[in-house]
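One chain, chain A, links the two complexes that follow: it is found with chain B in the first and with chain C in the second.
Then we have the complex of A and B:
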């Protein structure tokens, strides 16, 4: 029973982390219909920024986290303005090729600058160890992840559903022409959203270094996970990807615990079955554009 | 324009052998005698060309974007390796065909998954299948050798006569013969009514269905055929290198393949062949520049190609050849520009 709860807890923490990592992709791929395979590269950037600040410059961990967000977001907005925006209307094949190219470049560049071995971020003492909660061991670090990611998710949902910016974004995605006719600066909205998504990925990358491991091959290793979150979750709302990432997190942790020999086999099979059963995702309502 | 016989005539005209094609193949044979010390890399190019030809069949002709084409390459590679390792079929040519058929079977079974759903789902499913097979190969390491790969493969002489030699001379001519045979087959197929219907499907599946093309059945057929080609390419890989390891399934292999095809141009058969030559030369060049980080430059090439636009790039590349061709053969015999694919 307690192991079951521990697995559930770890799975939820893992899933929440995946959601923060992939939520930017949920917007670019799910809503804007842009196949961005390079999303993991932004997460990796955030992770390495945090690692350099904490390990080499001696910053406290919690001060480095916002900077991971900011740096990834700035790189994101620069790339969006310089490169990505020209490709929104191109075919999926072009988008795939372009983003694979970016992934290869980022992998080799980080390998060149930081070396190819796995990087660890020094955690503050307060985050190490476990809390004993009615006999269930709860990792402090994972508890912090759940709290941070939970807050972020709630904030995202509020921004998208309640604020003026949220409604502008939804309008710009649904029909860019009509939206710009109504005076919405569509490119600006897209650029801001893209940057915000990259920032979230960077933050997720910094948080995930402890759990997922951080090395130059991060964008390739976890690309499929981000894509699963978005495609399985469907693109109708932010809740779909959120539930999908929780499912994926719990499924992956449970799979590794109960059938460790099968490796990622379980996850891929479930993904293919779900995509065959519901091509638009579990929580997608209608056909994508 | 209106009579159906005109359509047939145009199709037949396109199917005729152009003198530049004959020149291409003569040049290929000539390479074998011009660079006798570079057989290994030339074999590599021929294998890659065959693999690219396979992707071109589904991407360029049927419009299916696949991120996991290495799946069939891997099945062919492991199949050929296992057949020879356990001495089940010793003759390389028969083993090659059996390995190709094994990949065909997997291709046929997975084609039902691939044709369902829209573009994005296809991407995910093809990627998922390749990853799934990689995970399976890792899981059953007692059969596949796990991360070490299959070791100790010894190839018997081809047709019992030509033994594989150290310098890869026999391997090269063997691969080239296979490539040429399969190229002829592909050429026949894409110029047949079947091939024309594939183009119709690629341009607009809905209209193709409306004029009576059985869209799904055609897609299944071409996907299965492409799997056969990829399986043969994989089997050639194992037979000429005596090696099969987990990286035959890797995502990088599928991604590199896309780049090969994009360099050469999609939608015409020589695209994959030319792309393979250019890609390998680029790779060699970048490796000599920065041995460990050549991937960076490959990525840069991809980004630049997409940003400049693939059509424009091919027009530039063909500008000089076309100028020369125009001088000699008149305006009509211009080298074909690949079809652009609509967004």
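Then we have the complex of A and C:
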């Protein structure tokens, strides 16, 4: 029983991590209808920013986390203004080719600057080890991930549903022409949203270095996971990808524990079954463009 | 494919440099001295790049220390990057043999790369000195292959014998699911169960595995005396961190295995959880010999990092080529060189080693080591030696 709960806990932590990493992609793909395969590159940027600040400049881990968000967001907004905005109206194939090119460039650039070996972020001692909670082993680092990611999810949902910015964004997505006629600065809204998504990825990258490992091939290795989260969750809301992340996280961890020989297949099986059952994802609207 | 473009431009630059050298040699008849060319094929980019860098460094260091002339011939090393992709290895080996007319090919970061070059070595009658790849079958694939690294059978059987003798009865295994991992697992299992040990849990983890957590939880629940671990050198750090996070270090389950998991290259960054890990391996930077102390000091001074077992394999590989040339009096025929290499014995930074005249594979001491802290740094400290271990993984004839 306690083992089951430990597995569940690990699965939730893993799922939450996937969600923070992929939520930016859900925003660009779902709300802005742009296929950005280079999403993982922003996550990697955040990870390396955090690693350099903590390991080389001696920053405390918790001070470096927000900066991982900020730097990735700034790079995101620069690239959005310089490159991405020209591709919003192009076909999905153009977008895919463009962003996959960016991925290869980022891999080569990071390999050149930082070297190709795996990097670790030095963690404060308070985050290492496990707490024994009524016999259930709870990893401190994973607990922190759940707390941070949980808060982020709630904030994200509130911003999108309750704030003026959220309604502007939804308006800009549903009908850009009408929205700009009503005085909404559509390019600005898109740029800000894109930057925010990149920032989230950067934060996710910094958090995941400890669990997933950080090396220059990160964007390629995890691209498939992000895409699974978004396709299974459906890209029309935040709740969908969130539940999909949890499902995949728990499914993956439990699968690897209970049937280690089948381990890596479990999440792909889940994905296929869900997509056969609901082709637009768990919460997809069939009317999505 | 940006990576291959980078590779291409490097290759082009390398070829241009080689061309200039050839031109210079042709234009200056004063340097009538003949040269011996060594084609060095290593992964200098990609996930295995640390292997390539260590071997390249070690060879540079050796040539600084011993000069670049042997038996009246000038040694010229042509370095090519195959990014550990066997297709590249094959193409580069072909270019080196046909266009650059190299006398020896060397390097080879991974098993598939060494195997890809094997038929070319046989056809061209060119010695192939394997400096890294560790699967047993490699030397059986061509009569021109000589190895100066190690085989996984060497260290895995030794750690199994050690475990049996030291009261470890139940072991759970966690190995990466690819050829070297399976080699390590099978040789360990064979020796450990033959000695009366019991394998209580066997998990193969995917090579590109993001998260060890569920596998480690399974290890913990199996409650073994120790867990046998083989992961490629680069993943050792990630593994040890999660091992500690899950509290396995406190639950008394020790890590044992071949030395890849505690590679000197990364060991110092793994944190104190790794303390007490017992591994069997061919080289530790803490090996207490005068020669090794000198080697480690020189390597650190030149490259600012600690040499690992890959660096030593490269250092010994180039030494083998030098000594073989001395023995043939500078003759560079493939058959003569391989013949000269067979049975060669010498003192390496890792201890006394020799080339088995029958299998052309390396015979060396395997050391049992424990991770300890010395001068604030983590080291594999050797405490027991199994002398002159041959590779037991060769096909039974």
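Everything below uses one rule, namely that the second predicted complex is superposed on the first by the 288 of 289 C-alpha atoms of A that agree within 3 Å, B and C clash if a C-alpha of one lies under 4 Å from a C-alpha of the other, contacts with A are read in each partner's own complex, and residues count from 1 in each chain.
Rule of thumb we're sticking to: a contact is a pair of C-beta atoms (placed from the backbone, for glycine too) under 8 Å apart; a residue touches a chain by one contact, two chains touch by 3 or more.
Just so it is clear, the structure is predicted and the values come from calculations on it, not from any experiment.
**Student:** Quick check for you: in the superposed arrangement, does A:60 touch first (chain B), second (chain C), both or neither?
**Tutor:** After superposition on chain A, A:60 lies in contact with neither partner.
**Student:** Touch test for A:124: chain B only (first), chain C only (second), both, or neither?
**Tutor:** neither
**Student:** Should A:105 be classified as contacting the first partner (chain B), the second (chain C), both, or neither?
**Tutor:** So A:105 meets both chain B and chain C here.
**Student:** Using the touch definition from the top, say if A:181 reaches chain B (first), chain C (second), both or neither.
**Tutor:** neither
**Student:** Quick check for you: in the superposed arrangement, does A:211 touch first (chain B), second (chain C), both or neither?
**Tutor:** Only chain C; A:211 stays clear of chain B.
**Student:** So, does A:141 touch the first partner chain B, the second partner chain C, both, or neither?
**Tutor:** second
**Student:** Scan A:90 for contacts with chain B and chain C and give back first, second, both or neither.
**Tutor:** In the superposed model, A:90 contacts chain B only, not chain C.
**Student:** Return first, second, both or neither, reflecting whether A:10 touches chain B, chain C, both chains, or no partner chain.
**Tutor:** In the superposition, A:10 contacts chain C only.
**Student:** Return first, second, both or neither, reflecting whether A:275 touches chain B, chain C, both chains, or no partner chain.
**Tutor:** A:275 sits against chain B, while chain C stays out of touch.
**Student:** Starting from the residues of chain A touching chain B, keep only those that also touch chain C in the other complex, and list them.
**Tutor:** 104-105, 107-108, 111, 261, 263-264
**Student:** Looking at the complex, which residues from chain B come into contact with chain A?
**Tutor:** 59, 65, 67, 113, 116-121, 123-125, 127-129, 131-132, 135-136, 138-139, 251-252, 255, 258-259, 262, 292-296, 298-303, 305-307, 310, 341-343
**Student:** Given the complex with chain C, which residues does chain A contribute to the contact?
**Tutor:** 3, 6-7, 10, 14, 104-105, 107-108, 111, 115-118, 120, 128-130, 137, 139, 141, 210-213, 215, 217, 221-222, 252-257, 260-261, 263-264
**Student:** For a test of understanding, state which residues of chain C touch chain A in their complex under the given definition.
**Tutor:** 1-3, 6, 45-47, 49-50, 203-206, 208, 210-211, 213-215, 217-218, 221, 234-235, 237-238, 241-242, 244-247, 266, 269
**Student:** What residues on chain A touch chain B, complex-wise?
**Tutor:** Counting only chain A, the residues touching chain B are 29, 35, 83, 86-87, 89-94, 96-98, 100-109, 111-112, 220, 223-224, 227-228, 231, 261-265, 268-269, 271-272, 275-276, 279-280, 287-288.
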